[in-house]
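Have a look at these structures, which come just after this line.
Each of the next two complexes has chain A plus one other chain: chain B in the first, chain C in the second.
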Partner chain A sequence: MEDKNIVLEVEHLKTSFFYGKKEGKAVDDISFKVKKGEILGIVGESGSGKSVTAMSVMKLLGNTKGRVVGGSINFMGRDLLAVSDKEMRQIRGKHIAMVFQEPMTSLNPVLTVGEQIAETIVVHEKVSKKEALARAKELLDTVQIPLAEKRLGEYPHELSGGMRQRVMIAMGLCCNPDLIIADEPTTALDVTIQMQILELFKKLREQYELSIILITHDMGVIAEMTDRVMVMYAGCMAEYGDTATILKNPRHPYTKALMKAIPRLDEKQEYLDAIPGVIPSIFNLPEGCRFHPRCRLATERCRKERPDAFTVDGRTVCCFKAFEEVKESL
Partner chain B sequence: MFKNIIHNKMTVVGFSIVIVIVAIGILSPFIITADPMEMDLYNVAAPASDEHIWGTDELGRDIFSRVISGARTSLVIAIVVVGIGTVLGTLIGAVSGYLGGLTDSLLMKVMDILMAFPTILLALFFVTIFDPGLYSAIIGVGLSSVPRFARLVRGSVMSIKEKEYVEAQRSAGERKISILFRHILPNCIGPIIVQATLTMGNSIITVAGLGFLGLGVDPGVPEWGAMLSDARSYLASKPAICIYPGAAIALAVLGFNLLGDGLRDALDVRQE
Partner chain C sequence: MRYLVRKILSLVVVLFFASIICFLIIHFIPGDPAQAMAGPGVSAEDVEKIRVSMGLDRPLVEQYITWMGDIITKGDFGESLINQEAIGPLMAERFANTLILSFCGIFFAIIIGIPFGIVSAIKQNSFIDLATMGFSILGVSMPIFWISLILILIFSVNLGIFPATGSGTVMHLVLPTIAIGLNSLAVIARMTRSSMLEVLRQDYIRTADAKGMPYSTVILKHALKNAMIPIITTIGIQFGYLLGGAVLTETVFVYPGIGRLLVNSITRRDYTTIQGCMLVITGLFVILNTIIDLLYHYFDPRIKKA
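Coming up: the complex of A and B.
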């Protein structure tokens, strides 16, 4: 039964990078769904495969040594892994848009803001340049850029970081996409601007019933913004489910550790509870559960076997321990 | 950027020289005092006088008028050479840098082979297989400037194609060809301009060199290199005939090189 409300369904996605004979499993067996009007958060440390997951969905790995090696990506009833490059180009920008991390470098320095937005419109729709520019102005209004008319003729270096990120979002919105993938859209911005941009995303979601995949490493952003969340670690899914449930009661030791590593305002803390060790390189992954070298609960089994995804009450956890606990409580 | 250029005095000097030479090249018919081709065998190698302000050459032609007319010949040649180099080099470099892989290796191997031959040898090669004359010489010199442009543009394209705004365009569904020509190449324009300016100077020298070897322009046509060549047997007795065209070559090359260096300093420092 295909659910009409599901915009994107990724199943058992595996993406690897190949350097000579070495294979680096950047994303290994990830499954998630995004419903219409839903914000899915993907959270994890640097190098946990968040961005690679996004690039795999966009099929933008062509320029790297990376390649999707397994699984399926289903976008509104179409298998993205099977569509041709030409079709994919039409999907990109028109149906799935992407907002990048660095607003400072994501705009072409030699073209004006108006030209860049208009160009994306012209690529996907049969409109004249003039109409496209008029649309660009409306879009700048939508993303709440003051003096939109004037900004259209300005170059990226004349805008502030927050303003540029708004322009990027406007570019993303220009063809009324169904899904926006925002790869750490607020990481490079300061906190007040961060909040404004996030508020903007929320508003747009309500206004257009947009689905958004929000990639971040900020648990605060996850709590504030998302409906569902997927915690990633070393290319694997650690935990996936409703944001509220997971944040309130994390099951995976990694999620738990992440939550503990957030500084709290309501308690006096001498030290922050950091997770010992570093994330493993994708070319040198530990056997068994990938988190075991840093996990306080790791047992012999964790070192040898990789835990399967285990789903209970609509939440998925990849950990033997989580499984045991639930079993005990049953 | 303009301020940076003005700041450097040598660049201003170079720029002024280039402007003057270009102006002379354009306005030469109005500046000359005599027909540069007209001989006066009763008045050969005459010293400077009211009638011939720089004197006459070994065939009694007015040196001043010939040097002034030569500016146009040299400039046109240099512009065509640089045109060939820039257009072909940019295209090859852009395709090579953007596509990478086998295309890149093949194109760059061809460029390396071209680069292995000295400019003058390549020009001689073209002059020999086609008919000896200006066009073959220009094509030869032009082609030999292609590899440098190609290498340069390839490098720039390779670094710019990794920039986030290119990735952003890709994620917006832009076609490869328009990403390359609309988003990547305009960002490489700085180094191309610098290389073009420096090549202008070089090609003036090379073409003068070919003229000196008698492989450039038709006999009689005022061209600095050929003038120098024709007059060289009088170098000991009547040095003036050689000095003027020689100085013109030196000055033009100096102007373009100073301008090129200045532009490089002004454009290379990335604004970010």
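Coming up: the complex of A and C.
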């Protein structure tokens, strides 16, 4: 990799689920980069393939019927698709950490909070249990959990959802990773807690020069938090580039629809009222542009051909209509 | 702590009712105990004398209090109707034998059943999985006495490796242990497999993988500790079955346990010994169940709140 500043580079990633003879293309040709100290947002409705993208990078699809069928994942100069399971376990938790959407079920119910953090440190850094526990306490302080000392000895069920997510974040931070993938880390939480957790991520990024992939379905979070953003729809990239550029002047019809649907933080509303229809199943994907059944601007060509990516003012778009618009304006 | 106190209180209540039932049995089964003790051809007067000397003429409540009182205060279960031997020490000796056999059986079942269950789960649908599950269906469906006979046929009669009957040496324990443990082994293996499969789908296993825990740690620490909760219960129940099942096995292998004592006492209509054996066996069941509950508690911290 040329650029030392690039932490993760994913190119033409394809991940499918196989049930019998049927192949469901959950991720179909996705490319993106994450630079050092940057927050990349991945946004799209539920079912657009955000989690599968994250799980592909983490190589955590082993327990599912899914596998990466194409592309490359390059992390700090290493081809992750080529490393063994054992090597991957040394990378996960130490160099790439992940925070999941489900704080209530992501912690082991029969191990104490302290144990779950400390064991991670012990495994990756070969320090004593005692030292690891001392660091676990500091980490709980870092993620602003009060009474850290006491919390170490508690079980997950004794903590609220917000506290559990903080524990997950502490666990992610415990070996000073280069990259944290946070998959809808606040979706399951109350609005006020949501903001606190997002603030925490911002602070941590500054403090540790951490790179973060922040997955969300909420354009409001994207606007608030990210430097760059990739908009995903049905396993494909819709638009990808500078957050400021895209928010100021969205080109893809799906990005525009998502922006209209930004939920106001003070009310809990179904997002995407603005777009009629639902996201297709990966086993029944439409021909051509995957968004065409829901796109008001769809033409005959959109129904048959898949649009290529093109670049305009520093961002990438996959849409025939957007391409025409750009051409006309020249 | 409050949980512990509550458990022990309920244990005492259950034991109390169980003891009443054991006590009353003597009056419910057909035949007159005084008559039985006197034997055939004894005059009605003599039978009456025996009845009085045994206290069988007194009110039931009084009889019960005397019986239980002696057991609790002196550990005295009375005397055998047949040979006037003290029942307490006899049962203690026999019971120790039964315990040894049951422990061997459950130990055998655990150390083989759990590993096979784990391997079955992590290699779901592999050859090992299918073989283990096929074997365990066989293991569950074979009656103990039949297993016992087959084992004796192969290992004693044909190969002459282990003695078929008796007790006293480790060699004597091998066949009864396998006979008694095979069913439990199958049940424990199946339970381990299904419990592990259930746990392996959980989000916290994904978390353990995501933070780079070595595979063995994910399986043996993160998964197994959670999977153990239902397995422990199964082991406890199986141990109860083993204690009960020992009756048959002990008879086949002529092994001097409490089960064989009970069977012998029944055939001899030795009512007082029957009472004692029943009390000990049911008492054991109840105490065992309490211990399982407490273990359960230890393995699942979530229950502590409740």
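Convention: the second predicted complex is superposed on the first by the 318 of 330 C-alpha atoms of A that agree within 3 Å, B and C clash if a C-alpha of one lies under 4 Å from a C-alpha of the other, contacts with A are read in each partner's own complex, and residues count from 1 in each chain.
In this text, a residue touches a chain if its C-beta (ideal position, glycine included) is under 8 Å from a C-beta of that chain, and two chains touch if they have at least 3 such contacts.
A quick note: this is a predicted structure, and the numbers were derived from the prediction, not measured.
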{"item": "Joint occupancy of chain A by chain B and chain C, clash or fit", "value": "clash"}
{"item": "Touched partner set for A:155, first chain B, second chain C, both or neither", "value": "second"}
{"item": "Partner chain in contact with A:5 - chain B first, chain C second, else both or neither", "value": "neither"}
{"item": "Touched partner set for A:281, first chain B, second chain C, both or neither", "value": "neither"}
{"item": "Touched partner set for A:105, first chain B, second chain C, both or neither", "value": "both"}
{"item": "Touched partner set for A:128, first chain B, second chain C, both or neither", "value": "neither"}
{"item": "Overlap of chain C and chain B interfaces on chain A (superposed complexes)", "value": "58, 60, 63, 89-94, 97-98, 100, 102, 105-111, 119-120, 123-124, 157, 168, 171-172"}
{"item": "Touching residues on chain C, where the partner in the complex is chain A", "value": "200-215, 217, 221-222, 225-226, 299-302, 305"}
{"item": "Contact set on chain A toward chain B in their complex", "value": "58, 60, 63, 89-94, 97-98, 100-102, 105-111, 119-120, 123-124, 157, 168, 171-172"}
{"item": "Interface residues, chain A side, partner chain C - complex", "value": "58, 60, 62-63, 85-86, 88-94, 97-98, 100, 102, 105-111, 119-120, 123-124, 155, 157-158, 168, 171-172"}
{"item": "Footprint of chain A on chain B - complex, ascending", "value": "161, 163-175, 178, 182-183, 186-187, 271-272"}
